[in-house]
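Paired with subunit B in one complex and with subunit C in the other, subunit A is shared by the two complexes that follow.
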Partner chain A sequence: MSSDTLTLKVEFGGGLELLFSNKRIRDVTIPAFVPGDSSVPSPESESIQPTSLKQADVTFLLHYLREKHLTDRPELFMEKDTVRPGILVLINDTDWELEGEGDYVLKDKDEIVLISTLHGG
Partner chain B sequence: MAPASCALCQNAKAILKRPKTGQQICKECFFYVFETEVHHTILEAQLFKPGDKVAIGASGGKDSTVLAYVMKTLNDRYKYGLELFLLSIDEGITGYRDDSLETVKRNQQQYDMPLKILSYDELYGWTMDAIVSRIGKKNNCTFCGVFRRQALDRGASTLNVDHIVTGHNADDIAETVLMNIMRGDIARLGRCTVICTQGEDTIKRSKPFKYAYEKEIVMYAYFKKLDYFSTECIYSPDAYRGHARAFLKDLEAARPSAIIDIIHSGEAFEVKEEIKATQKAQQTCMRCGYMSSNELCKACTLLEGLERGMANSVITDRARRKMDELRPAPDILRTIPQYRSPLPAVSVEVAPQS
Partner chain C sequence: MSSCGNPDSSEADALMPRRLKYGRSRDCVRCREKPGNIVIRHAVYCRDCFSPLVTLKFRKALQPSINASAGTSKRPRLKADGNLLMAFSGGLGSSLLLDIVHRIYFSNESVLNENEEPVGGKNHPRNADVWPSATVCYVEVCNAFPGMRDSTEELRTVVSQYPCFEYVATRIEDAFDRSWWLRVGGLPSFSQLSVDIGNPTSCDLSIISALFTPAERSPTDCLLAYLSSLPTQTAISTAIQTFIRILTLYTARSRGASHLLLGTSLTSLSISLISSISQGGGYTTREELQEEWTQSGIGSTEIAPTIRIVRPLRDVTMKECAAYARWNNITVVGKQRVPATTQGIHSLTKDFIVGLEKDYPSTVSTIARTCAKLAPKDAPKGSCLLCQRPMQHDIQEWKNRISIRSFGEAKLASDLHTPPNPHNNMPPPPLSSQSIDQTLSLTPHLCYSCHTTLTSRSSRGLKSTGSLPVPLPVWVSPPLLDSARVVNPDEDRGEVFQNRQPMRDAIAEYLLES
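Entry: the complex of A and B
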């Protein structure tokens, strides 16, 4: 593991896993520094240096999950730059609302849990 | 951001921001306040008395799983003296209800409560799979809703319970308020916020989670590691409710108190006496004995339509009358077994919920 990437444990629940090939838990490796607009770098554009870089945050992770791992119905996962209302996010078992939501800067081995509340009761 | 400490015990690390109050609280305080609020809801509405037999309507989903767990916890902690049962309805939806019923069966072991499963197939002779293959996916939610309501009452009657509790939460009730306003359904608007309903001939039903936010229910299930099932019904979800739900979630994102505010708003509407007077009086279904506002109850009407191959024409009373003119009901139709009311015939003013 090099210091320019972060490996995170991402867990889906409450039916959200159905959008991610029905796999509940996965390890995700992302760059430690990412484009300022949270766009996910594609292999071809690697040589082009984005104008601004930021430390990888949860907003970037959401974009990354949508680009790389989501298999079904992207509109049920994100709206604009964040998760769709009704999806709960936990960062290391703490409500992300206490951790700065999308602006939380990720650390190596962080555990992110995403749970949908929208599925039948 | 530095981790905040709990606003209640000032001690442990906060793990949750409560949508109702904005308070940041720790895991143990969260469990305690969540359970205690439900307890207060139960006490204030005087839902139970010692010795009551109470069936928990259990689907295997998050709300009813948390409800079963919390009911058991509170019954033990505060000595309610209730006899608790799990009651599940098997609509006969392959790949959906069969899986969620497995969850309920595990809950039966985990919570040590007797479980009764009643299926549409044994009660009506039709599974939802069979109904959908006959009528398609357009009106199937109507059948399912009418059949489930009556099945729950009948299941409760076989268990000989006094009371059914369901997992309807604050978000569900706020959605229903919005839907009833949008449809101008003043009768349902009046009763959808009522915590406990009892018709003349039906078993008492109540919603101990009336003030519990969905976010907290899901967080509670997550932190308690409760075993629940979460898959959308395979026969198209209720699209209208879906819109109300998305709208409500947007409102909640802007202002978390919106959910309680909408429930309050629903309660604040007053139904005029002359409007109440136009609502139909309750009677007993001439075919199966279940309570009904017409000669035939909704379930018998729908079942007759299915049996006669005219299912799509029995959604309205007018269409039904047309069907009768065309061809009176033959005697050989499959019907629903006679309903025996578990209660003495006393009149209580509140009508059954929507």
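Entry: the complex of A and C
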């Protein structure tokens, strides 16, 4: 595993997987350093200026999942730069609210769980 | 977002500064040892302390309602006077409901004390015999909307994890199925009534026909006719909720249930409360929280058993439900999105409450707690024939006073009175009989909320097709026909016949006799 990339285990639950080709668990490999505005670089784009980079965080992962893996209804996944209210995010089985939410800097092999709570009683 | 949708959240942020999600420490507030795993209303819990907290809230919400009477003992032995029925949708809340009920009341686990520790020794009484039997009821709604898949068998597989639970699947179109109605022990009625909803000249709901035979229109056709007659998306979504509720209640009654448990979480409860109040359901706010249901029937002297409807997860937020399900390996297959519910008041309320809960988690429980303090001023006048909830006294008189209409007043006034039944003092007509020989109105038997659901046409124009008879759910007809036999002996009959002829003409093709 190159230190230039991070491999993460991403798991969807509570019906959220329906927006991601109905696949519950997937391994996702992302760059360790990403654009500061969390934009997802396309393969063709020129290499980015080092000054605009940040360490890959959860906010970038959300953008990345939306760009690369979301197949349906992006508005049910994200709102502005974060997850839509009603989606529980766990980082290594801990509420992301205890980990700095989107600012949490990802480490190789982190497990990120996204569960929709919106599917009622 | 539409103009009456969510307030712009950046504006909301400006008004209410975002609070810190939790206090200073990242450690669990309960054991004060382990690092926290979840934040619940600004308090941090570890995984080990979190799950008992959820089941404790569950038991606190449910157990005071189990015994029929409170008794004198401070800690009475839990014993229901009937069976248990749980409403199951495949969604998060009801999946938790099944699992926790199974764990606490239908497995051989010990009775737990306030700290979730086992009480007494091996021979101490178990919770296992609180209810003699448990049924899980699912209402499949796929036939109401195109493009939905049937989840009946998928949910059967989920329920089969719990061998002591019996699975009963009903379908939303059973609301119009007389064979279902008889199966659940409903009073037979010789007619399935239809109502005139599309009449643009009046807010009154005249019964215009009793003449559909099941062979002519399938229950699904009747359901679709009913739904398509409704004026708004909100009305459709409310009608579906009402049908699910009544189908579940009659199923519960047919299983000898004393308790019906719903998987409503604190979050979904707050959504229902606000949504219901905004649709004119303020009078039954208490019933959204907790309710005792006895089958309604005007003039019926039979004493029907009462079913307690309890929401044991009413103090548990959706976030807690999601974390509990994950950390206890509970299968949540998820509820399909019902197309009609993506618009309308309920959905807008949901977006609002869920958004509010994210940043201001305590506010959502305040909604439920505040609503729990509300009580109607007057005693109810029976119950609504459609939703079977308590009905406000003199609702029609009040609605007439506040309504502004430009025409149709005379017609309305005449329709509001039920004319005499020529078969008065005679036994009910036999099956081969023709239509009820009179004009009946559903309006006086509806609560404000149901009447508004059926008639408020704020968001669409008048129908160009004119009035079409809309079939009514099976539980409405018997008590309505019953009521017609006992009221208003001195009404002017001539006017009734004048009213009736044009209606007969309009529905002639549906009539069995000419």
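As a working rule, the second predicted complex is superposed on the first by the 115 of 121 C-alpha atoms of A that agree within 3 Å, B and C clash if a C-alpha of one lies under 4 Å from a C-alpha of the other, contacts with A are read in each partner's own complex, and residues count from 1 in each chain.
In this text, a residue touches a chain if its C-beta (ideal position, glycine included) is under 8 Å from a C-beta of that chain, and two chains touch if they have at least 3 such contacts.
Values in this document were obtained by computation on a predicted structure and should not be read as measured data.
S.K.: Touch check for A:Tyr104: first (subunit B), second (subunit C), both, or neither?
M.R.: A:Tyr104: touches subunit B, not subunit C.
S.K.: State whether A:Thr5 touches subunit B only (first), subunit C only (second), both chains, or neither.
M.R.: Neither: A:Thr5 stays clear of subunit B and subunit C.
S.K.: Which holds for A:Gly86: it touches subunit B only (first), subunit C only (second), both, or neither?
M.R.: both
S.K.: Output check: A:Asp95 vs subunit B and subunit C. Expected answer is one of first, second, both, neither. What do you get?
M.R.: both
S.K.: Is A:Gln55 contacted by the first partner subunit B, the second partner subunit C, both or neither?
M.R.: Neither partner.
S.K.: Output check: A:Val113 vs subunit B and subunit C. Expected answer is one of first, second, both, neither. What do you get?
M.R.: both
S.K.: Taking the superposition on A as described, I'd like to know which of subunit B and subunit C A:Thr29 touches: first, second, both or neither.
M.R.: So A:Thr29 meets neither subunit B nor subunit C here.
S.K.: Using the superposition on chain A as set up above, list the residues of subunit A that contact both subunit B and subunit C.
M.R.: 13-15, 18, 85-86, 88, 90, 93-95, 97-98, 113, 115-121
S.K.: List the residues on subunit C that touch subunit A in their complex, please.
M.R.: Interface residues on subunit C, with respect to subunit A: 21-22, 26, 35-39, 44, 47, 89, 91-94, 97, 262-265, 267-268, 313, 318-319, 321-323, 325-327, 332, 334-335, 350-351, 354-355, 357-358.
S.K.: In the complex formed with subunit C, which residues of subunit A make contact?
M.R.: Spelled out, the residues of subunit A in touch with subunit C are 13-15, 18, 85-86, 88, 90, 93-95, 97-98, 113, 115-121.
S.K.: For subunit A, which residues are in contact with subunit B within the complex?
M.R.: Per the stated touch rule, the residues are 13-15, 18, 84-86, 88, 90, 93-95, 97-100, 104, 113, 115-121.
S.K.: Could you please specify the touching residues of subunit B with respect to subunit A in the complex?
M.R.: 1, 3-4, 13-17, 24, 59, 61-64, 167-169, 172, 214-215, 217-219, 222-223, 230-233, 237, 245-246, 249-250, 252-253
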